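I've put the structures underneath this note.
Two complexes are shown next, each including chain A; its partner changes from chain B in the first to chain C in the second.
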Partner chain A sequence: MAEPKFAAYLCKGCGIGERIDAARTAKIAEKEGKIALVRQHEFLCSAEGVALIGSDIEQQGVTHVAIAACSRRSKTEAFQFPNVALARANLREGVIWVRPDTEEARETTQEMADDYVRMACAELKKMKLPAGSPERGCSKRILVVGGGISGLTAAVEARKTGYEVVLVEKQAQLGGWAAKLWKRVPEREPHAAPVDTGIQALIDAVTEDAGVKVYTNATLAQTSGAPGRFNATIAVESGSTAIEEIGAIVQATGFSLYDMNRLPELGAGKSPNVVDQAGLESLAREAAAKGLPIRRPSDGGEVNSVVFVQCAGQRDDTGRHLPYCSGYCCNTSIKQAMYFKDANPAVDTVVIYTDLRVPGNGEDFYRSAQKKGVTFTKGRVTGVEPSGDACKVSFRDLILDEDAAIEAADLVVLATGQVANAGVDIDNPDATDANGAKPISILNLNYRQGKDLPKLSHGFADSHFICFPYETRRTGIYAAGPVRRPMDIAQAKEDATGAVLKAIQAAENAELGRAAHPRSGDLSFPMVRLDGCTQCKRCTVECPFGAIDEDEKTYPVFNESRCRRCGTCMGACPVRVISFENYSVDTVGAQIKAVDIPDEFSEKPRILVLACENDAYPALDMAGMQRNHYSAFVRVIPVRCLGSVNSIWITDALNGGYDGVMLMGCKHGDDYQCHFVTGSALAKERMSRIDETLKTMALETERVATYEVAITDIGRLPKLIEDYARLIEKIGMSPMKGFA
Partner chain B sequence: MGAMNEQALAKYTNNFLREVEERVEEGDWVKMCMQCGVCAGSCPFGPDWEHSPQKIFMMIRAGKRDEVLSSDSMWMCTSCYNCVVRCPRELPITQIMHGLATYAERLGLAPKMNPTRKFSLQFWDNCTRTGRVNELKLVLQVYFRDGFVSGIGKFWDMRATGLKLLLARRMNPFELLFPHRCKDAKGIQAMLKKAYEIEDRRKGFAK
Partner chain C sequence: MTEVVATSQTIVVVGGGISGMTAALEAAECGRQVLLIEKTPTLGGRTALLYRYFPKLCHPTCGLEINLRRIKASRNLRVLTLAEVTKITGTRGDYSVTLKRSPRYVNENCTACGACGEAVEAAIDNPYNYGLSKMKAAYLPHAMAYPQRYVLDPSIVGTPEGAKAKAACKYGAIDLDMKQETLEIKAGAVIWATGWQPYDAAKIQPYGYDRYPNVITSVEFERLADPHGPTGGKIARPSDGKEAKNIAFIQCAGSRDENHLRHCSRICCMASLKQTQYLREAYGEAAKSTVYYIDIRAIDRFEDFYKKVLGDPGVRFVKSKPARIAEELQTRDPVVHGVDTEGYHRYATRHDLVVLAVGMEPSVKGADVPHEIVADSSGFIESAASGGFFAAGCASNALDVNRSVQSATAGALRAIQVVRKSDRVEA
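Then we have the complex of A and B:
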């Protein structure tokens, strides 16, 4: 690339010109920011303004542009210049809109604007233009792991968009659980009766399609590589192995039914007349094959009374069974009660439930069952005692608040829940699943962090369930169906469709050397200066996406296409050898240092705000849009994720005379909202250790504060800032001013 | 009445829900209740009856025949229709309650001492005898229900209202001796008789 040439543009539109002294700010960009070409414009995002920048790029060879106007989140389309590094100073949402338009506020508002221009210029000087990752894979085949309803749907949907599929199924037959059902809950109007599963049509569609390579009786012996260039070693039971080149993976490995033998108190194992829902499906299939009604398993006798026990071993608060609701079982029991009622309305069918939960259009299905005479009793079953060919079902009636019993049920169906087939727990490889079984690895990834997808809670694969349900913590591998949360057929099909489309995106992005979600299209990638690396392994351990492996000398090996560009490695690195071309320890550090720090006696403290660009920064912007005012003493720098915050920024800021540092990241924990899953949690942990540093600097621990912020905290954020500014006022100005 | 009860018991052994569905007005709606409890929360008489509609419906499904039919709940319904308006499943709860009351009365299981039951019977008798409601007679019946002395007391308490009604010609004391009748009281009684017959036949009551 040619010699870098810098230019800064100051917009005076949207009231910026009236509120701040543009000439003074422009001078600052020139003198302090050391930008050769500084222009002011009345309306920069207009066609004329954009053309002005464009012609400078063209005619004068400008390579680096700083725009002091609105937030970096506004006018992104107007200010989009290919092959130009861009820094934005937020004078609108970040300055004039959050400050009162009064004479006494004028000075501090002006200082705020000046600082943001200094910061943008400083950042620009440190930026390089990202060229895209050189590590590009060009395979676009989709590997679908699991041949149940989710996997088959994923395969069919991938084929519809023209992508090739490799499907691996552990069993000899495709179809999974759906193939074991007699009928399924309807997904279309009128939601009145069980319908055909439709699984055969799906199986046929997959097996007849030359674009789908099906391996049955097969498992993954190893998965290596990265999006666009995964290598899947497929081991077939017969002993042969095959290696397939893969672009992205959909893991649809489904669930195992919670083992009803763990429920002896509900009669499981004590009588053949006590079955789980799968048991009833096989009874129904056998009966249908013979053209007979369902018979009592113990003696083949007529079934006159069936009791369905909901939440069997589910929603359990004793810690012995599943603590969660599997969500599909109420509808399934309703469907199974209809098997009996549709064949013979005289059969008594009682569903004993604590809360009937019928997602989708289940409410209509429920009503249809009531019309057919299925009895629904709100109660909690306390015991099932088989005697002879009958079972006594005792329960607590929760409406009448009394103990009750059904004396002679011919069949008792236990609605047990779903246990995810999510492979081994990589944090605890010896852990058993809810059924007490020791899981075997499904993906057999050769990643440094472990063989399978990380789990979140209850053994389900971690998917970003609040915002991006298919995103797992392994780039290019998408979880679909009950492997990521309990669900029914309708939800699994929708899930599989979504996940496979994400997989296709990942493969396409990998070919272009671009980031996948959430920084999709980002061309920057982490670069490491290995000669400075101390092999501390922090980056390889902390990367939320397992993108970094280790070589034999335990140096980090970056797999760029597995990287989501969050910068958590950059935040982790104690020797600061990891950086991105347009986002590095230097680009942020330079911004921090560029701020003008008034002396101790000025009564003008400076508070650094490092705000997550996904939630906290937009919330601050929106606070500005709503004209929620906050202190003029804060200087906000957006960061890719709080996980990318390197503690050197904090110590630099405090050494430089800042009076306080606010870190704003997303909610962490089991219901995390961090776009990069663990970034905010890691930041919190790292900052908990900064107290020591503060003490050695003889500073109050309050000078660094971490906050959990959501994008909706538009009203709360200005208050937090105001409160913190008052706190700083109380503890007094930093004694560190004037030394840097 | 007792015979009818035994016959119902025999026919619907162990299945009170089916009995209600076939013999109680709007009884086939009972199975559609989803036990949300909105009716119970909406009833202005909430604390004053034994069982809420929600409980009555649950008891019907649980086969608690005697408890349901001898409950005072149906008799306490004032037909405000709050529950009907609010029921998410659109059950005609008021009608079901009255249907249950009527059925309990037919079987002789209704709570004998319930004042609203007594009033209902008096009203029906008063109305069907002449084809018109004789308000004066009905009022006196209600006043003197608990004996002569208590009746005089109630009468005395209401004297001002009574006087005003008299002066406004809203009440005629001669109605007591020469009640108004509708043009064809006999015809009305014959019509009601026929209606009973039809109902009995439809609901399967033996004659």
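Then we have the complex of A and C:
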């Protein structure tokens, strides 16, 4: 690589030139920042200004550029120079816009600008251009786990996009639940009657395609590796195993029906005429095969009355059954009622429900059922008792507010819910699932952090993020279908299609050594200096994405393609041997040290703000855009995630004479908003331990404060800063000044 | 003149809301060339105007920030704002898309310094607050607007106000001579992600949205709760600015109704449940919410949120589709009339404010899509005979954000399947 050459550009536009003494700041870049080439410009983001930087890069071989202008969030595209390391000093949103334009504020505003330029220069000196992860697995094959409608859809869609597929199905046959249905709920208008499932066409498409390698009666004995270079060990019934090289994985392992035998109060197990929805489907298929109407299981008698019990063992608040709603069952009961009504309108069909949940065009399907004479009764079923070959269904009628009963139902169908087949709970491997079964691992990942995908709630492997449903904590492995969330066939197909895109993207990214969402395209990656490592295992334990394994001596083994570049490992490392080329203990440490610390008697405290770049930093920027002012004593450094904050930064800052440190990260807890899942929570925990350090330094514990901040805190943040600055004023200047 | 490079390998995504941004980004991050077309001056769409999401009560702008950062970093994605698609001809792998580009009157020199906004005095209704407030006629749509560039409202162009804006700009960014242009571009596949609009509440005559100031819609309520909305986050009623502590939330306002929208709009139950918690956040014990509903549709783990709200003593549920809303003359308090179907009691209940949980209809209804498509009777797009035209998000169905993003991701894959084929043909 060529000799690094540094240049700094100071923009005087947008009022920067009027508010600060640019000549003085430029001199600081030159003298203190030790930047050989420093230029000032009236309007740096103009085509001409950008061309000037471009020509310096081309003509003078500049490799490292510091731009002192607006925020890094502004004019991002204009200031994009390929293969050049870039640091931005935020003089607009971060300085002149948050300070009053008054004579007495002039000096402190200038100092703020000078410091940001010092910081950008210092950061730049420590930055290297990231070259992409060296771990570049190049397998592009997609492993689909599960051969139901979600898995088959995933396989077919991957093939249409030109990718090879390996499909593993536990059962002897493909098709899953969909193959057990007689018909399905329609997806398109007219939403009037049940339609063919379409499963056979999918099975045929997969089995006839040489690009799909199908293993039936097979499970995953082990999954190792990382995106682009997974190794899947597939165990087949004969006892033999096969190893497949895989680029990325779609886990479409579906659901088990909630076990109706857990519902004796609803007659389950007491009469063969009480069935679950799957039971009714098999009755319908048998009947259709014989060309006969559905008969009563107990005696083959005619069915004149059917009762559908909604939310059977669902939406339960006793703690005994499923607390959630499976979403598909209202439509399924409507469909099943139509099986009877379409064959013989004289059959009495009653759906007993509390809230009928048929979103979207399900409403038309519901209307169609009403027209066909299906009765809908708002009520809560209290008991199902067999009497002879019929059943008595007792319920509370919620409209009439009285107890009622259907005396002789020939068939009772319990709408039980979906229980995810999501493997073991990695946090609690001995926990049983909602059916009381002890789950066996599906993926059998050989990861340090457990064998399966982490679960979100109620045992489903869903994403926690509303904007990003394909966010996964195991890079390159995407859940699709009811294993992610209870859902119907239409949604499962859509979900599987989306999941395949993400799997393809993960495999392609791995080949290029790039990060996956949310730092999409980031070429930096964590590097570890093993000779300094003390094998403490903090990085391997705390990585939110299970990217780091341990070798037999408990040294960390980084799997860069699993890594999401949040830097939590860097924050965790007590001996500071983990870093990224462009984001390291040094790049931030150098900025902290670059700030000019006035002496104890100056009445100018310095407060370091480490702000999450996803939420807190934009909020500070937007506060500036709205000209919300805050203290000139803060120096803000954006961090990838609060989880990446290494406590050395805090102790260095305090030793260097800073008067306080504010850490601004995302909300943690159940509804956490941290983009890297546990980063902000870990930071909070680590900072709670810093009190001891403060005491040994004879400093007040208030000198380090952690805040939960949202991107909307545009008004709140300046107040927090002001309050903190007042608090620092009250407790006084740090006694550590001048010793560093 | 706008220059756009697009070929039969380009994926054109129409609509810059969360679905369109997602479809565009997912395709671009798979290495495909994408052109994202947005009608308004900024990306972000309707979710950028929500205060919080259900069920986490997190802020939509948080995800928007990430998506915008992805867009800024992507070399494969180009964004065209103020552009509308007027015609699409051709077939899978070989489309010709005609665009109408409206003038912004501000060019790329703009630094968003705000000088024009300060200079201009003329004000217009703020569409980002559903007209509940005014904004300057030279404006940045909102704090998260992208591109981060001002816009001049056409009403001031050719007036002294326009001249003031131009004079205030030091960077030559104001161009009052910009004209509407027509562009024709090529595309291999088109993803239609034009999203939804709230059903026109004035059409629900008995609810008096057009007559009573204290009857508002759920999307307007989002702006009232937002600290960056017209009231600075104070939940105040429009007639007199009084704090609204006793609020009626009326479900299925337009939805599930053969006279209005046949379909269920899916999101409104959860949106109202969420909004009861805004009231709780604002007024604590004094908050009183009444939810008038037919069925509460809190599907899957949303049920947890419903249970939480059920446990809130400040929230009451009445199973009823209200018959009508009247107004008390003196106080302008809305009074909700109807029958509680659980037990058949008549009620006439006074509230400070009524929030209509308005239904979702496609922004561009099927018949108005400039291409031959199959739409359902609500105007949601089902398919297109040309084979390379796909709907994503709420253009395809009444969906929540999470499901819209899933749909958009799936749409991106379908589009890639098309351009990949034309790739091969031309290689």
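Things worth noting here:
Assume the second predicted complex is superposed on the first by the 687 of 740 C-alpha atoms of A that agree within 3 Å, B and C clash if a C-alpha of one lies under 4 Å from a C-alpha of the other, contacts with A are read in each partner's own complex, and residues count from 1 in each chain.
One rule holds for everything that comes next: contacts are C-beta pairs under 8 Å (C-beta built on N, C-alpha and C of every residue); 3 or more make two chains touch, one makes a residue touch a chain.
This structure is a prediction, so every number in the text was calculated from the model and none was measured.
After superposition onto chain A, the partners chain B and chain C occupy overlapping space and clash. In the superposition on chain A, the chain among chain B and chain C reaching more residues of chain A is C. Once the two complexes are overlaid on the shared chain, A:L356 sits against chain B and chain C alike. Once chain A of one complex is fitted onto chain A of the other, the partner contacts of A:S74 are limited to chain C, with no touch recorded for chain B.
In the superposed pair of complexes, A:I399 makes contact with chain B and with chain C alike. Of the two partner chains placed around the shared chain by superposition, neither chain B nor chain C is touched by A:E104.
When the shared chain is aligned, chain C comes close enough to touch A:V500, but chain B does not. Of the two partner chains, neither chain B nor chain C is touched by A:D531.
By the touch criterion defined above, A:Q370 reaches chain B but does not reach chain C.
Chain B is struck by only one stretch of chain C after the chain A overlay, and of the options 109-117, 127-135, 181-189 or 343-351 that stretch is 343-351.
Overlap of the chain B and chain C interfaces on chain A: residues 356, 367, 378, 399-400. In the complex of the two chains, the chain A residues touching chain C come out as 13-15, 43, 45-46, 70, 73-77, 157, 160-162, 188-189, 315, 317, 323-327, 355-364, 367, 378, 398-401, 456-458, 460, 462, 464-470, 485-487, 491, 494-495, 497-502, 504-505, 508-509, 517-518, 520-521, 614-615, 618, 622, 625-626, 666-667, 671, 673, 675, 710-712, 714-715. Taken in their complex, chain B has these residues touching chain A: 17, 31-32, 34-35, 54-55, 58-59, 61-62, 89. In the complex of the two chains, the chain C residues touching chain A come out as 18, 25-26, 29-31, 51, 53, 56-67, 69-70, 72-74, 109, 111-114, 140, 143-144, 148, 170-171, 226-228, 256, 262-266, 295-304, 307, 319, 341-344, 376-378, 380, 382, 397-399, 401-403, 405-410, 412-414, 416-417, 420.
Those residues of chain A whose C-beta lies close enough to touch chain B in the complex are 356, 366-367, 370-371, 373, 375-378, 397, 399-400, 404.
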